[in-house]
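Structures given as structure tokens follow.
Two complexes, one shared chain (chain A), two partners (chain B, chain C).
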Partner chain A sequence: MTGALDPARRMVLGLAGLVGFFGLWALVAASGLVGKAFLPGPLEVAERLVTLLHTSFAGGTLPQHLASSLQRFSAGYLLAAAVGVPLGLLMGRFRLLDDIVSPLFDALRFIAPIAWVPFAALWFGTGFGGPVLIIFSGAFPPCLLNAYRGARQVEPRYIEAAEMLGTPTHRLILEVLLPAATPSIVAGLRIGAGLGWQSLVGAELIVASTGVGYMMVQAQSGVATATVMVGMAAIGLVGVLIDIALRALEARIHNRLERA
Partner chain B sequence: MPLGRRSAIGVTTLGLLVLAWFMATGANGLISPGRFPTPADTWTAGLQAMVRGYGDATLVVHVLQSLKLVALGFVVSVAVGVPLGLLMGTSATAEAVLNPVFMLLRPIPPLAWIPLAILWFGLGDTAKIMVIFFAAFVPSVINTQAGVRTIERPLIEAARMLGTPHGRFIREVVVPGAAPMIFTGLRLSLQASWTTLVAAELVGALAGLGHLLNLAQQDLYPGMILVGMICVAIFGALTTALLGLVERRTLTWVRIKGDTA
Partner chain C sequence: MSSIRFDAVSKSFGAGQVKALDDVDLAIADKEFLAIVGPSGCGKTTCLRLAAGFEFPTSGRVLVGNAEVREPGPDRAVVFQQFALFPWKTVVENIELGLRNRNMPREERRIRVMEAVELIGLNGYEGAYPHQLSGGMQQRVAIARAYVLDPQVLLMDEPFGALDAQTRVVMQEELVRLARRNPRTVLFITHGVEEAVYLADRVAIMTRRPGRLKEIVDVKSIREAEGWERYSRIEDVMDLESFVHLRTHIWRSLREEKTGAAH
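Up next is the complex of A and B:
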């Protein structure tokens, strides 16, 4: 509130913050206050990362684990979007459907996605299907809610005009509701991706036998702290990359809508 | 009237769903009881958990254990998160120093801290509190900081001009002004606390609802899984409602105080 800082000063202060963080970490790690096995320094973690790129740990190299995590993620996330977005739009259009689905949705929403793990494992196994259900339950609510809100926020005038012109329902949904709700839908897809990725990590920690989460659990039981930290960094990085990709998609859609 | 219609349909739907549950899981139903429990199985499991106990403790003990950890973790993260958010909101220097570190750690999902927490603190309460902390402290910080930003500048400048001491300035201008956003942050923090606690207990714990869920999964005991999930939902909803109550009280109080001041 003391006014904006000039960019150069901001950058120096920001760098100081980062240097402080890594410095403190390195210092505590080097001081021997905490056992080396439990707190490796930043450099050791970076070294371990490079090693894991080509050396196998817990059944695969880091890229291999990431690939199997991403595979599960894509399946669960696409399923959530494919069910959530159309359902949300239809709920925004048809009151009866809204009245039927909303109470169910509200009742289920209080169950943390991760609490589905036992049933997911029981129904679909721990390999692929189970984790996919968990990702689905994490990513589904924002996909549905945002499509629904987007459809509800469409100006009634447009809908009335379309109705008056005798537009068939499917065209009304595809050509009026969908374009008008798109910004909200894309925002929901972004939130859903974040929650889905996070749920995946949880699922892999508990049930899977491949993937980054599994790698971390194995590393934990072997007290390979550096590997655990590499896993955390990789998960964070991939999460950021997914978000960047969706942001780019968002920007592109915005541009296109503005031109149309 | 629309509300009446809406809740009537809602109650009917839930009623039909329960009916469908009875029919589908019955003696010659579609769903085998090994996959989803019958209502009777669930009732038995619930009774067993309450009276005889399951996983070395009764249901009450599991619930209390989880509630205790959620409360502790939530309080610790809020106690750190809100002041830090206030600091980052009021001081541009603090914001410039801390923000990059924050941006660096934020993409790591809270659940990814679980293995590290277990490595450092084992399966006890401390590890759970650490994981909840990393999950719940982020929304507190971000929303508090955003709340401070929403305070109207003239208000801040007036307080500054009148030479309000820093402590009073924070207590009487910044905190009340940011209060609505702070509560948004607290709600998100509470949700995050529950999710991460259940996950952390599923990964490894000696008691708690997640521990119960984990055992039920290993024992292939669908009735007990459902009991655990229902408890997670009920107590998640209850704590959220409690926070909502505190929020309404506090915000009313802030408004009244603001009017009379």
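Up next is the complex of A and C:
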């Protein structure tokens, strides 16, 4: 089917999907086909969520676990952006650097973040450093790739104009490549945030001693399925919020540049 | 001394398959305004890009002053057909970038930029962004950005080609005023014969690809002898018999190239 539906209809359909999902879930849980310990109903999960907001489980309340997850996420993500964006811009400008880094980068980026877990644990431990490396490995590739593509696609006349004005390299990168590549960079930052957040929670399932992932692993060993599902819901929700925030930023930057 | 010299310059693209320029010898004297006209794709823009240092000859040499061109630089300011202003910089920021690159102190820079703004007629637009300006105003900014560098030579690549007819006339008149008051060595690329005759001291005509120099027409001696400078309006100059004569001569020469009748 082609053509976009109008927004109101899309919202109704989206709502119908959610209601259908929760209805089916409630039905299966109530039918007794699956044991209650394995599939608690939606209401039960919601109750558990409210309880976890103020009751401690596995060393902290849900907000406390989320806070420590977000802390790791921020550290790994900011590191990925701080290294990836400048390196990508430089690779877009200097052919030599591109030729040196690209093959290495292409090989490394096919190692999934989860595959970094044992190495990260060995080198940086299960506290803060290990998970930070894992989220870095998830967020880094899109940050670098988009900055690189953005820099490569800058219209040659801007670079020629800057060169004929005698612009030194650092200024050419900061005042010409960076602003021209901004839409591409912001898109990369958004994709990187999503991948980073997904990698972090995966890493916490194994290495961390606090965080949402840790909470879920503890709940799993006690067959507290409702708590596991609360963790999943929290991860999904925070992921959506991060994405919405970065989409809004992206839209604002696009609007500003569109006028130009 | 800020002359431009093409010394037996040939240029091929794509591993030698497309020959754009064939053995071009051309000298533009200090403070001379030379226009190159030629059929589309004859390599006239390539000439300018070689002088700018954006491209390099396959054989021969391009000299500005007495030095061979090896890279782009602010001694050879370029005005592009599509303006090439930085959209994220204001008018003043665009104009002053070249001066900042020279590490000129802020106060001196401000004075120089304001002089250029005044000279090119951009007062009141200092803080505007390029997209807020008309095409004519944008090209004024680009000319100011080039002039403020006080370059040895100005390289203008069909600078008025993207403007509407009325704006083009205004800009041509202003450029003449600027060029006579503040003479520079100018290499001006155009496919407009009238524009070339009106602006230039000499007009070089190029052949079809591969571009060769066909003929150089001296406009300056006729302009001075016939006293074109008495008229400030372009249409008055264009009505003069001497102008019409030159225009027709160049047009015929060019037409032979376009239809290939001469070969």
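Definition applied: the second predicted complex is superposed on the first by the 238 of 260 C-alpha atoms of A that agree within 3 Å, B and C clash if a C-alpha of one lies under 4 Å from a C-alpha of the other, contacts with A are read in each partner's own complex, and residues count from 1 in each chain.
The criterion applied here is as follows: contacts are C-beta pairs under 8 Å (C-beta built on N, C-alpha and C of every residue); 3 or more make two chains touch, one makes a residue touch a chain.
This one's a predicted model, so the numbers in the text were calculated from it and none came from an experiment.
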First (chain B), second (chain C), both or neither touched by A:Ala121: first
Contacts of A:Met164 with chain B and chain C, given as first, second, both or neither: second
Touching partner for A:Pro179 - first (chain B), second (chain C), both, neither: second
Touch count on chain A, higher of chain B and chain C: B
Touched partner set for A:Ile206, first chain B, second chain C, both or neither: first
Chain B versus chain C as contact partner of A:Arg252, first or second or both or neither: neither
Touched partner set for A:Lys36, first chain B, second chain C, both or neither: neither
Residues on chain A lying within both footprints (that of chain B and that of chain C): none
Contact set on chain C toward chain A in their complex: 52-54, 71-74, 76-78, 80, 82, 84-89, 97-98, 100-102, 129-131, 145, 149
Partner chain C, residues of chain A touching it in the complex: 157-158, 160-168, 171, 175-176, 179-180, 257, 259-260
In the complex with chain A, residue positions of chain B that touch it: 5-6, 9-11, 13-14, 17, 35-36, 89-93, 96-101, 104, 107-116, 118-120, 148, 156, 194-195, 198-199, 202-203, 210, 213-214, 216-217, 220, 222, 225, 228-229, 232-234, 236-237, 240
Chain A to chain B touching residues, read off their complex: 1-5, 9-10, 13-18, 20-21, 38, 96, 99-100, 102-104, 107-108, 110-119, 121-123, 197-199, 201-202, 205-206, 213, 216-217, 219-220, 223, 225, 228-229, 231-233, 235-237, 239-240, 243
